[in-house]
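The two complexes that follow have subunit A in common; it is paired with subunit B in the first and with subunit C in the second.
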Partner chain A sequence: MSAALSVLVATLVGTVLSCVISVLPALHAYNVLGAFVMGMFALTARGIELAPEVYLPFMVGMIVGWSMLNTIPSILLGAPDESAMFTVLPGQKYLMFGRGYEGTMVTGVGGLAGVFFLVFIVGPFAPKVLPPVQEVLRLHMHWILWVIITFILMTEWPKGGNWGPGGWKKFFDAWRSLGAGLLTFFLSGFLGFILLYRSPVSVDVAFQNIMPAFVGLFAIPWCLLNIISGTRVPKQHISKSLDIDGDLILRSVGAGGLGGGFAAFFPVVTGGVGGLLAGHATAQRDERVFIMSQGVSKLVYYVGAFMLLFVPGLGITRGGAAWMMRQLYMPRTYYDYYMILAAIAIAGAVSFLMMSPLTRATIWFIEKTNYRNASVFALAIILAIVYVMTGWGGILVMTVATGIGLIPVLFASRRLNCLGVLLLPIACNMSGFGQDIAAWLGLI
Partner chain B sequence: MKGISHFISGVTAASFCPWAVEAAMEGNPLYFVLGGAFGVLPDTLDFKFYRFFYYHDIYVEPEGGNPDPQRIAEQAAKAVEMALKEKRTVRLKLSTVRMGADFWRQYSIKFDSEKQEVQVRIGAVVNTGQVPVPGSEPKENQKIGRAKLVCPIVQTYDAVTRVDIFDGPTFAMQPDEQGRVVLHFLPWHRSWTHSFTLGAAFAALGWLIWGWQAAVVIMAGLSVHVLEDQMGLMGSNLFFPITKKRFHGLHLMRAGDSVPNFGVVWTCCLLIFWNLYRHIPSPTFKFTFLQLVFYGAVIPLGAFWLAHFLLTRGKKAEEAVAPGQDEFDEPVAAS
Partner chain C sequence: MNDALLPGQEDQPRETMCSSCGRFVGALTRCPYCGARVTTRLSVRFFRYAALLLGTVGLGLLYVMARTQQIPRIKIADVKPTMNFAYVQVAGTVSGDARTFKEGGRIRSLRFMVDDGTGEITVNAYRSQAQALADAGRLPRLGDEVIVAGSLSVTADGDVIMRLQVPEQLIIASAEMATTPLGDIGTDMVGTSVLVEGVIVEVNAPGPTSRAPWNLVVRDDTGRGQITFWKDVHEEMPDKLLLMKDNRIRARVSVMTYRDAIQLSLARAADLEFLDKRSSKPAVSKTAGPGAASGRGEDIGIADITQDMAGRAVRIKGRVKEINPPKEPKAPQEVIVEEGESTIAVVYWDTVAKNLRDNTPIVGSNISVEGTVGVYEGKLQLKVNHSRQIKLLDAVPTRTEAPGEPVKIAAVTKAMLKQVCTVTGTLGEPRSIRGGVVYPLSDDSGEIQLVLWDRRVPGADRDKLSAGTRVTVTAEVDEYRGALQLVPSNPQNIRMEKEAAAK
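The block that comes next holds the complex of A and B.
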């Protein structure tokens, strides 16, 4: 089979398979790719070698497909991963107005626009632009992370304290949500230190260490909220058009490309953080632009991070998929780079075509099943996946993380503060005093 | 300006300090963190501390289900009258009207200096994203309230203020010697917190804790914030307590305008990048500042602007035909 045909078939297989994992809440593409990499090692141990033209495009298909299609459970089942955090609330508003299909498809258009952005704008210029950027910023990643943490903590807006005469009562009413935000950040940071230095998750599945925490911090609180509140979803209208135009897409690509690109390039900075920064920087008021830009940001973050490994002359590894892929293959030439760009383009087109039928199927499921039951179903899947992947240790981590993840839900504070689980321990390590803090906490 | 613009401006100010970059290259993030923190601190002090202790003479708290625009207008007019008769500054607080977890009844207030009256218009219910809920406009006869003012007023901000989400606005009515009342919008904002004197005080504290380098960064970060705010409508009280009033702003932009905010953020990113590049002893990739500006700003932003222009040409022609009107159906001068 020629190399081109191998790439095409492998991409299609990976993309189609991604639609299965994408609609299951809490199942991340990285979890499946981790299992895939272990499978590849097993094959190699038996003397079976697959060509890079097979497994690389397959992985690309999985990542692109998941980035695009995971919007569906994020919005319609209220079970987001961290990068979809900002999409869920406005997306659920669309759902509650009977426009869930429209909201999901608008985000999907954002994902497709993200593919265009990566293939036609980033692709040609990355080998020229990114290496000098990396050379300048290489030694400064640590303080950039600290500056981002400072920004996140200082720019949360108080939700209360809006009525009544001035005084301490008003002040404490306002600081309830702000205090909850700070508490969330530091508690999740503490959890992050535990996961880094004394994780209860078995060493055999250490590469899935962070998954139970993320699921507990982000996905489960949404599901619980839907179950407890007994949300009723109105009849959904399947619109024939999306009421978007070229300028809307352009602005979304601007905002989302910046946010996702920033998150892809800088270590530890995730899609949610990139989305926050880009949202603030571009100050777009139109809700459609906001939702679409989150679709752009998510795709650019996950796919862009993987793509960076292939940029000739750059030599950086970002994102879980790239780290896993390095165990199998180290790309070096423009051949690999163009192959990946082609796979991204194909996977993007195919996954976007799958968006509409999968969205309709999910809406059919919600309308038949009742939203509370759908959330219970989503929760059951999440629990099963966590248990299968990480055992009772993972369930324990997930439970603790859920407790922390519920704080912003209950106090209306920023859910992004849950990213303290990654930001705080890694920023401390990058600045050289992470071990000191771990020792002070009694973890080592 | 928006918080991120002020924040990154503070970081940029720090990047101009060689010791900040050198310390960062050795693993010490302190100066950059201080730059960013003090870059955004003035607004943090105002919006997260000071405003919750600010005293008001009159609180307008419209009824949740059915706010009465006439009552709101009369209370606003009463505040002006009180200021004139009692010869003191009277503070008026307009509260928002919460309709649910994510819904607010929007209303607008206009101090009309030509007609010497205050008008209040009840609008639609909006969500926290300020998007109106279709079909939620009140009936025609419930919409507008008017009340005459006892004296001429002097506007220092927009004539129309929209009240919708979270915290409502405050006005300070200050009588002057010509028998008029001067309206100050958000009097608690950009007063003592946006002064160079406060910056100097924080810098002195920073000197005591971390040394003179930190003091320079703190002063630079806070000062950049103060200077940026002079571009807007409100200005600030630059030398509190020596000066007593807010200086007028230059009226070049509004705090929430996306283009200048983004322009500041982008420019700051390029400046930070350049300042970091200058400290690399033997860089592999060599470029000049002009090349950085050309490839980092002119080309990408120019391409974006061109695409935006081509995609919106038809829309701009349509908008040019319709005259601007405010919420009170009165003509607005084109900006």
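The block that comes next holds the complex of A and C.
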């Protein structure tokens, strides 16, 4: 009974804390979880050990809450993380029409549907179905990853070169965004190789090697863009109802569950990539389905990836949170699995209930104050986290990554290309020639 | 100040107003009223190229920095969970011989332990890296001083593994070792690596189906030692033929215990060196291993084989005197070969027997056998490990099985498949099959099918046989659909009772 109470309390604390993180633009739950894990190590070193029934549900609460509530800054402050990038355009449209609240709530409904999908559909079948699936796919992961990379690069479309007489000028205009996308992918891939083999980050915190790069590639460019942009947000309407129905929800769960599930199951593939693949695979053209399915996809990706670590008999680690968790605890039994499912359900319910008040509060904040201040505040927190956790080495990596992360933003190509930081070195490693490339580069 | 403004222009952005005289200037970059330059916002293009510059130059500098950065060397005791994925270097002593794990003939992974005095870490190398190390003969051995670099994997269970990414980042600095006298090796040296030198006293090869290791008993002036190694090590030996008694060897081995006895484990073939190559004469084989090619044994008379020759490969010629089927399921087949007054037992197991085909020994036939001299229960024997080592010298067309001592039908078992035996019994009612006739042959112990093929026992000879006739048959044991049968090779191998009695 006391264990159940611990789980309940820890889940609630984690979920409530995630509210603060979620409404700050560009602040990722993984940054905070990294700090939390380091804090846990510090406690352990002092002889203080927390029970898994405390920190596991707490982490679940953080992840579920953030996955659900991070939609608020994504839509209202235009500062999404890369997995929410597809919600930016339709989300911004909602915002500019004064329907930011509705857009946020529709995405939140998608998140809630994602929790249902995980708890009631994935949860009961995962221990039976996923281990054989993993066994079959294990040897094929590398070429699937290359297919995904090819798809990401080939589906970038030219943003210019549509008008005017033909010639080099038009050619370069058409290739400007495409070239920027390719350049971003390969520069970030190169950065990934450096970080994998010779990171300037101290070996004492090597588990956070990639964090400064992610902050630089995704978080800081958006903070900077928010700070320097001159967009004025129109007055927002708080609607009493949502323009959705059961059919739309089911279609969203189908598309988002597929994309998020794919991203959660395959190594290195993130929610943004999963969303891209699922969007093309299901070809849902309704804007509401699009927004809602991104809510499903994002939640299924982040929470599902963490949950996979707990699936008995599966034995795979996916996503940053699970990798950090492995340092603390190795789950093995159904006890852990059911505890995580319970925490996901509770955190999902609580975070959805907090969606409406937090969205209203954010809208009030936008209308009453200059919302760019929130970006400045978030930027300061991010810089502090990077410095405290990874030192000057991390700041250096973050600065370089920021330069790369700004390229797609300023040249109007996909920010998804920044994922080359993981996709390229890991795909090379999984294919068996990553070390050869690193050796050729003189990194090892 | 704002007298030049039109209604509504108060809300215009500051960039549309002259910062010197405050008048509205619109998109102009110079004020038409006072001539001052108007401050303009920075173009997005500027930020674009600034970002490109930051990204590429910064990455270039980071790359140069990474290339010149030394891989940090750590103490194993200092490894913390937060060091997961760290690329580090460790210097220490190999505390366990490298073990390779193979899959489909290729090395799948390689594992060894390194101890730096503060703790122990497992180092793994996979596939191409492991194969490269093995191909280069750079597998670390117990006691080697190494410097190794790789990425760490630390789990919540406290398991710390280093993954070697580049073969060149394993530096083995093994010091020249002094030879350790065999008599000095005791339990206090268990877990260490030593260099021993001595003369082979005994070579014990495992049976063809055995999973046991090879054993060499070696002696020097101070004592004896037992060197063991597995079949894969034996297969890698380029000088298998030198594995024989009285040859002098030097070996780098790990000291271990097995059933409370000291054992010297040879981890790889390269660690064994033959100090004298006395057996390099091509006509004289010193082979002692399974699968050795035939025709390399030393020709010797049966009478000249002595117990001192145990472990040596020899080749004999003689006449098959007797064939003794296995008495137990796992026992070997025994063929007694005689030459003049001398005899020796040639022994081989099922795996050899099944592949002998036309070279299956026949009582009375002349035979050539190459094998390893051994002693079993005080008796000399010649151990055969490959079917190629037995050759029937009589031409096959004239192969008429001389009748051996008749055995009971019940004594004919599957262990005798492809062997020739002699049975006496009574024929039952024949039945025709395509290409021949089948007679049931029975005695008081049981019944067996006697298959007379047209091409081996023509119809004219079969006509002499009828149900109820008592015959003595010398035939090969065969199996069809799980049932044993006897298949004589010619009519002379079937003798009716009167005929048999006359002989």
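As a working rule, the second predicted complex is superposed on the first by the 404 of 444 C-alpha atoms of A that agree within 3 Å, B and C clash if a C-alpha of one lies under 4 Å from a C-alpha of the other, contacts with A are read in each partner's own complex, and residues count from 1 in each chain.
The rule is short, and it goes like this: a contact is a pair of C-beta atoms (placed from the backbone, for glycine too) under 8 Å apart; a residue touches a chain by one contact, two chains touch by 3 or more.
Just so it is clear, the structure is predicted and the values come from calculations on it, not from any experiment.
> Based on the shared subunit A superposition, would you classify subunit B and subunit C as clashing or fitting together?
Because the two structures are overlaid on the shared chain, the partners are seen to fit without clashing.
> Quick check on the superposed pair: does A:Gly166 touch subunit B, subunit C, both, or neither? Answer first, second, both or neither.
first
> Centred on subunit A, what angle do subunit B and subunit C make, from Cα centres, as a multiple of 10°?
90
> With the two complexes superposed on chain A, say which partner A:Arg285 touches: subunit B (first), subunit C (second), both, or neither.
first
> Of the two partner chains, subunit B (first) and subunit C (second), which one does A:Gly432 touch, if any: first, second, both, or neither?
Both partners, subunit B and subunit C.
> Taking the superposition on A as described, I'd like to know which of subunit B and subunit C A:His237 touches: first, second, both or neither.
A:His237 contacts neither subunit B nor subunit C.
> Once the structures are superposed on A, label A:Phe41 by its partner contacts, choosing first (subunit B), second (subunit C), both or neither.
After superposition on chain A, A:Phe41 lies in contact with subunit C alone.
> Superposed on chain A, how close does subunit B come to subunit C by Cα atoms? Whole Å, please.
Least C-alpha distance: 10 Å.
> Identify the overlap between the subunit B-contacting and the subunit C-contacting residues of subunit A.
Touching subunit B and subunit C on subunit A: residues 432.
> For subunit A, which residues count as touching subunit C in their complex?
37-38, 41, 187, 190-191, 194, 196-200, 203-209, 323, 326-330, 396-397, 399-400, 402-404, 406-407, 409-411, 432, 435, 438-439, 441-444
> Give every residue of subunit C touching subunit A within the complex, in rising order.
Against subunit A, the touching part of subunit C is residues 44, 47-48, 51-56, 58-59, 61-63, 65-67, 69, 71-72, 74, 80-88, 127-129, 149, 151-152, 154-157, 165-166, 169.
> State the interface residues of subunit B toward subunit A in the complex, per the touch definition above.
2-4, 7, 11, 24-25, 27-29, 32-33, 36-37, 40-41, 44, 47-49, 51-56, 59, 61, 95-96, 98, 102, 127, 129-131, 166-168, 256-258, 261-262, 265-266, 273, 276-277, 280, 283-285, 287, 295, 304, 307-308, 311-312, 315
> Taking the complex as given, what residues does subunit A use to touch subunit B?
Answer in residue numbers: 90, 93, 129, 131-133, 135-137, 139-140, 142-143, 146-147, 150-151, 154-155, 157-159, 161-167, 170-171, 174-175, 178, 245-247, 250-251, 254, 277, 280-285, 287, 290, 430-432.
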